[in-house]
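Can you keep this structure in mind? I'll have questions shortly.
Chain naming follows the written order as A, B and C, and within any one chain the residues start at number 1.
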Amino acid sequence: MANFLSFLIPQDKKFFRLFEKASANLLATSRALVEMVNTASADKRKELIREIEHLEHIGDNLTHETLNELSTNFITPFDREDIHAMVASLDDVVDFIHGAAKRIDLYKLTEIPPSMCKLADLVLQGAQELHAAVSNLKDIKKPELIREACVKINSIENHADDIFDMAIAQLFDEEKDAIMLIKTKEVLSALETATDKCEDAANAISSMIVKYS
Amino acid sequence: MANFLSFLIPQDKKFFRLFEKASANLLATSRALVEMVNTASADKRKELIREIEHLEHIGDNLTHETLNELSTNFITPFDREDIHAMVASLDDVVDFIHGAAKRIDLYKLTEIPPSMCKLADLVLQGAQELHAAVSNLKDIKKPELIREACVKINSIENHADDIFDMAIAQLFDEEKDAIMLIKTKEVLSALETATDKCEDAANAISSMIVKYS
Amino acid sequence: MANFLSFLIPQDKKFFRLFEKASANLLATSRALVEMVNTASADKRKELIREIEHLEHIGDNLTHETLNELSTNFITPFDREDIHAMVASLDDVVDFIHGAAKRIDLYKLTEIPPSMCKLADLVLQGAQELHAAVSNLKDIKKPELIREACVKINSIENHADDIFDMAIAQLFDEEKDAIMLIKTKEVLSALETATDKCEDAANAISSMIVKYS
């Protein structure tokens, strides 16, 4: 957009900056998660859980700031409901990552099964695609890159579903300790739900493309 | 409506067609569920689970199509938020039926307790009433039939609540195998939530009646 | 507002009355909950569960009435979406209190652990602050008291999170009976979610303050 017109949408920059901060924060949270499920050191794990907790607070603040902007600005770069849905879903992904990490800690899980690592990796892939999609929102008139990222997020979510289903079937087949079964199942569920929430964010972004590209 | 006026609401037919497809798809899913919990054949059950999976995909596509229409049409037959809520809830019912069926499969449940069959039957009754309500939406000026269906859905949901509560109390009284208890409880919960979502859809339809009849 | 202007917002009184009824009903439900987890008498507990059930029905009716008013009134005292979110969250708090109470009954829990009593108490504190905030909504131009209540609700929810986390960690450390663990965990979760829903209601109220004070 030509510079002399930019005053017309003075708030857009603020919104895009907030969106990108939120998706970058999700990306950082997902990276900490992957590192956490892959480390063998209990101390390192504790440290990464604290980091995830910290990132979750940052995410909360970003969400509140964006929703406040949404409340007080008459003009917004996309439909308010789509912005709201996207921002809320980005927040949800971080919350479910935090939920998974917190449970690993509270339940004193020391052995991380391979399915958990795979799901964490899929959460990270989803976060990477979301960050790519969100970073391109300011170029929504050329929506190819955004659309591509959304398609990938859908297929990541399908993949996570399959991994989760197989992990749960195996867990019920092999784990005879009911309490250990509950612990593992809950962490897996939180991770699988995190990928669902990635898809919700992608759906909100797809809705923006339909209306604005 | 007289033919010569129909150009005024050219999109309505499309919407009503999509609504009916969604409720007919829910009905088909519920029928497959009832058949599935009542069959004694493991092969037949596997086949019905695959059918439910297939119907769930169809439902997803119908939901996306309707939400896209909602995004791109300025004029809609009812308030957008009510359409959105109704369509999302119809989708949720199918999702929870699918969730119940998938768990029966993943958990290798071979004995289906009577309470599960009763709940599946209530889901089917709810789907039948929803399909009746949705099919009558185009005659919202004569809302008696729609209202009647919504009242029945409410009472079906109450009935499902009671069946669920009794089943859970009995389960905790009698089932001493914690892992079997978890399996059964989760399938029952998914079915009970399916009837909750029927009620959510009925509430969205009731809101349409309040505004448009 | 001067009397001669009151005809301009004839519906406001109705709305404020409904809001206050809903928060007063939540307060009554929370009080019954606290009494219920603290009584040693099984009969008294049964009676209080029935009372909570009754209050939940009253809450449902108030919610429906408010949503109907929202549907049929063109002018509302605050943004419809904020009213909707606040009312739905107040309803959710009552639902989760009811859910916790029902489970204590269905699972035949006779020993109430101290963490459950603490969480019930935090739900009551949240309800008291919500009732204070809601009762002051008609004076939103002087938002100090409302804002103060919302801040307190946030800190109550944080406190509930900590209590819940510690209780769950302890439960998984000490409870070797998986079925008893499931029972206790579900009641604790319902109570913790009730405080989350208090925070959701407070967030909706905060959004009203941003826009209207």
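Here is the rule we use: a residue touches a chain if its C-beta (ideal position, glycine included) is under 8 Å from a C-beta of that chain, and two chains touch if they have at least 3 such contacts.
The shown structure was predicted, so the numbers you read here are calculated from the model rather than taken from an experiment.
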item	value
Cα-superposition angle relating the copies subunit B and subunit A, to nearest 5°	120
Same or different contact residues where subunit C meets its copy subunit A, judged by the half mark	different
Centre distance in Å when subunit A and subunit C are each reduced to the mean of their C-alpha atoms	29
For subunit A, residues that touch 2 or more chains besides their own	178, 182
Contact set on subunit C toward subunit A in their complex	165, 168-169, 172-173, 175-176, 178, 181-182, 207, 210-211
Touching residues (chain side subunit B, partner subunit A) in the complex	67-68, 71-72, 102, 106-108, 178-179, 182-183
